[in-house]
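Here come two complexes built around chain A, the first alongside chain B, the second alongside chain C.
And then the complex of A and B:
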């Protein structure tokens, strides 16, 4: 009896949790099928405005171009960020020197500096490099990710060092060891890192906002922020845009989900 | 390995710089928010200017208001001049903050425009040390928009509602509630919009003429806080929180009226089934000497960046459209519901048109009449901070824990702390 009761509580709790986390998605999808007035009124049933909302969005905004911008930025950030951070994490884990831990903790401390404090100097730097209003101006500062360095170092620490030793004995150089031996066996770690990097770059708001000046280079997040502003925003269209912005993230997440869970749990099998 | 990283990075920088487009000459870049309002209006203005001066290109960038502010702050603080737009839209309440925080960043337009042609309250807010820095744009002149059918059902016709006081407003509200079951207004008890409307209608603000906080011993503010409490206690207001619930309350027909800026007309008319049932009259007056039946809520204006590339063309553009083209103002009123503050335009046909949604009232003739009566105030630098400080003490005022005097004293202390 008490066991049943316990289960009942657990299920009630989980059900509430599920509703709370799923409801915003439900609201978003329902909203994208309704008119703005209905969204404001709080209508919770599907409407007939799906195609109208999509058409309004498509006709009034350069949706294709904006999506391409976002995808381009995210892909570059994911690829470069994974290469740079994983190499850094690998280096910190594998090669020892006196200064190693001091430098490592200094890098970790930078996590505590709020981005707003870095923004003005970074903006000046980008101006110096002539990268204002360009996608590279968005991508470059997002490549070095302290969290990913930390994440990769943690995962490399579980990697059996014997394999690396053996490779050295066989005469492989360090780059070869990294790319041909370590990297392929850490696929799930990379997948988890990729999801993280994709999410941060896809959702990036403050930096792209500051650095991108023209309509031409805008990302989807900036477009939504713009849509939702104003005295009388069309919430049906806003919801439609949010649905579209969520889709790529869902696709990336679900296609890598299998690895993600493994990667977070620690990945090397001995 | 280190070398390869450096190689990759320098390659990236090279690619990046080659991707940069060379800025074209004579492009006017404009930053503003609200695609259906400011942006659309600027596009209309740009198209008109291109007929006069075909060599000019426009890049009108649409982003959220907070985004415009964020970008402007970053760029002005960084001192980078290459990325400056020519023209930027700034909300009136924040104008002094920018003018005073970044001196020399905005072009002095005093000699460029004849400011007597604009609504006086609008010119005052963009004046610093006797220099005028902006081009007045849309007005937030307030009106009392009400449901004619509900009010008539409660026994009031339009002449009963003209030029009344807030006390009378509450009395009428009680009758409406009793006879129709509808709330007189919908109000967010923690929103400062009505507070600002009340203050301006009496020609005061949260600050005195030296920019010092004027909260604790401000008789108008005291009266306004009292009104907030009375409205809440009388039960005539439907309590809402946030914009969407508020708009929903009159779209749904739950509340009988709205007292706010003219920009709400679009949201009222969005509910087409209520066509013909609405009307507008002047806002109630405070029981204070010098208070009038007219006020303002919100509005924004155009500013030219002093260090932008094509500053002179931008000024010429604003002059030829925003201070000369009357038919432009008619068009933006009809298409976008935008009430400009360039007074000569208000004799135009669009301002005189009768609106069937409002029972064939010429609502814009009425509103532009009230616009001329709006008392001028200096908004100072910290309107929203003062707003927040007062709203923070409202819960204690509502439940009677502290007197209004005590509450305003606390709010002033809190305000001084928050802006130190």
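And then the complex of A and C:
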């Protein structure tokens, strides 16, 4: 009896937790179909403003262009940072030497440093390179990801060395071994890494806020922040923008859940 | 002898490949991480206003001690650190422990639901919370309907409640995220240990504190350190929770949402820019993060 009661409490507790976690998503979708007043009053039923809010966002706030900006930045960051970090992870793991191991631990320490500490010199550097208010100014500093180097090194350490040895005996060059043998067989690792890079670049706020100044180059996150902090924000439109910014993440999450969790958590040994 | 020479040749080419593979990241890190770290240390000894750059030595650091905004920003994040991080990590641990029960049903559904907040962008969820916690908004309606409060709580208009809102929002966003780390850790604890404890008559609470917590210590330490660093760096949430709610230059009511990162941003881009002073602030934050991480390591290590 007390056992049953205990389980009842556990289920109630977990269900409350689950509802609290999911409710804002529900409310966000409901909100995108309502007027500004209804959103701010906390209306909980679907309204009829879905197309109005979307059209407003598309026509008056250049949603299409802004989405393209976000997509462009994310794609470049994902592709470059996967190549650069996975090569580095491979290099540190397979050709370990005293000097490189020392460099590796020095690099890891930088994970502790808050981005705000790098912001000022980076801003001046970008100014010097004439990259203020450009997408490359946003992309470049996001490419070298220490976290991903760590992530890839951990995963490459489980790669069977015999395969690499066999390829060497066959006379394959080291770069070829990496790109045409190791890389294709580590798809799930790359998927998880890509999700991590996509999350960080799509959701980035502080650095784009510093670099991007004109309306034309804004990302979806900057747009949401802007929309919501005006004097008389239209909260239905804001909700719509929040839904659109969150949707790609939800899709990736539900279609690739296993890789997603792996990518977000990094390489805590499972 | 020729054999020996060949081996050395291979090792040398080996070493060269090692450098080739890491060369790109080394360039990236040198330019975008190491250079900024060193340069901001140099910059922190200057006071820069526009084109004027005067050497002040430790002057910026001394000025920080007397800067009431900086002290307030520090106090704000430390308050959140002391209140929010333990609540969140404890909740994460409870959820993980409950979900690790092999007899529990709908495990996957609960896990997915609890993790879902970790999917959102920090700006998006903050704005969502800002709307939910508006004065005549959803949360106040709900609280008044079920009769917990008679008058609406001034969530984002009162310094105390603004901080509470931030703490609730942060806990919503990160509890499931941290839970996943604990779940991964719990899977490495063999269930026999719990079964043996059960036979010895240990209650679930005893099992939690005597088995789960000690065995998860490394992961608890890891999540504590990452949460500490994250809290000290808070930017997206306070910036967006405060925007538009209170007019003027205050970050949240009575600057209750001012954090060091927001202050750095304001010193650089909002007030008359002083990059030297901003660099000094960021260095102090790095130091505090390092000291706190060190203390946490020590505490976790000593309790063995």
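Brief remarks on what is shown
Just so it is clear, the second predicted complex is superposed on the first by the 237 of 270 C-alpha atoms of A that agree within 3 Å, B and C clash if a C-alpha of one lies under 4 Å from a C-alpha of the other, contacts with A are read in each partner's own complex, and residues count from 1 in each chain.
Here is the rule we use: a contact is a pair of C-beta atoms (placed from the backbone, for glycine too) under 8 Å apart; a residue touches a chain by one contact, two chains touch by 3 or more.
Small disclaimer: the values here were computed from a predicted structure and weren't measured.
When both complexes are overlaid on chain A, chain B and chain C end up clashing with each other.
In the superposition on chain A, A:77 contacts neither chain B nor chain C. Of the two partner chains placed around the shared chain by superposition, chain B and chain C are both touched by A:228.
When the shared chain is aligned, chain C comes close enough to touch A:85, but chain B does not. Taking chain B and chain C in turn and counting the residues of chain A each one touches, the greater count comes from C. By the touch criterion defined above, A:214 lies against chain B but remains apart from chain C after alignment on the C-alpha atoms of chain A.
Contacts of A:191 after superposition on the shared chain: neither chain B nor chain C is touched.
Look at A:27: by the touch rule set out above, it reaches chain C but stays clear of chain B. In the superposition on chain A, contact is made by A:115 with chain C only, not with chain B. Once the two complexes are overlaid on the shared chain, A:174 sits against chain B and chain C alike. In the superposition on chain A, contact is made by A:140 with both chain B and chain C. Clashing C-alpha atoms between chain C and chain B appear in just one of the listed stretches 134-142, 224-232 or 278-286, and that stretch is 134-142. Taken together, the two complexes place residues 39-42, 84, 87, 91, 119-121, 123-124, 140, 174-175, 206, 209-210, 225, 228-231, 233, 235 of chain A in contact with chain B and also with chain C. Interface of chain A with chain B (complex): residues 36-37, 39-42, 60, 80, 84, 87, 91, 119-121, 123-124, 127, 129-137, 139-140, 174-175, 206, 209-210, 213-215, 222, 225-235. Those residues of chain A lying in contact with chain C across their complex are 6, 10, 13-15, 17-22, 24-25, 27-28, 31, 39-42, 44, 83-85, 87-88, 90-92, 94-97, 100, 103, 107, 110, 112-125, 140-141, 143-144, 146, 149, 174-175, 178, 202-203, 205-206, 209-210, 221, 224-225, 228-231, 233, 235, 238-239, 242, 245-246, 249-250, 253, 257, 260-261, 264-265, 268-270.
Of all residues in chain C, only 14-15, 17-22, 24-26, 28-29, 31-37, 39-40, 43, 95, 98-99, 101, 104, 109-110, 112-125, 127-132, 134, 136-142, 172, 176-177, 180-181, 184-185, 187-188, 204, 219, 222, 229, 232-233, 235-236, 239-240, 243-244, 260-261, 264-265, 268-269, 275, 278-279, 282-283, 285-286, 289-290, 293 touch chain A in the complex they form. By the touch criterion given at the top, residues 1, 5, 8, 12-13, 15-17, 19-20, 29, 33-37, 59-67, 70-71, 74-75, 77-80, 82-83, 85, 244, 247-248, 251-252, 263-264, 266-267, 270-271 of chain B touch chain A in their complex.
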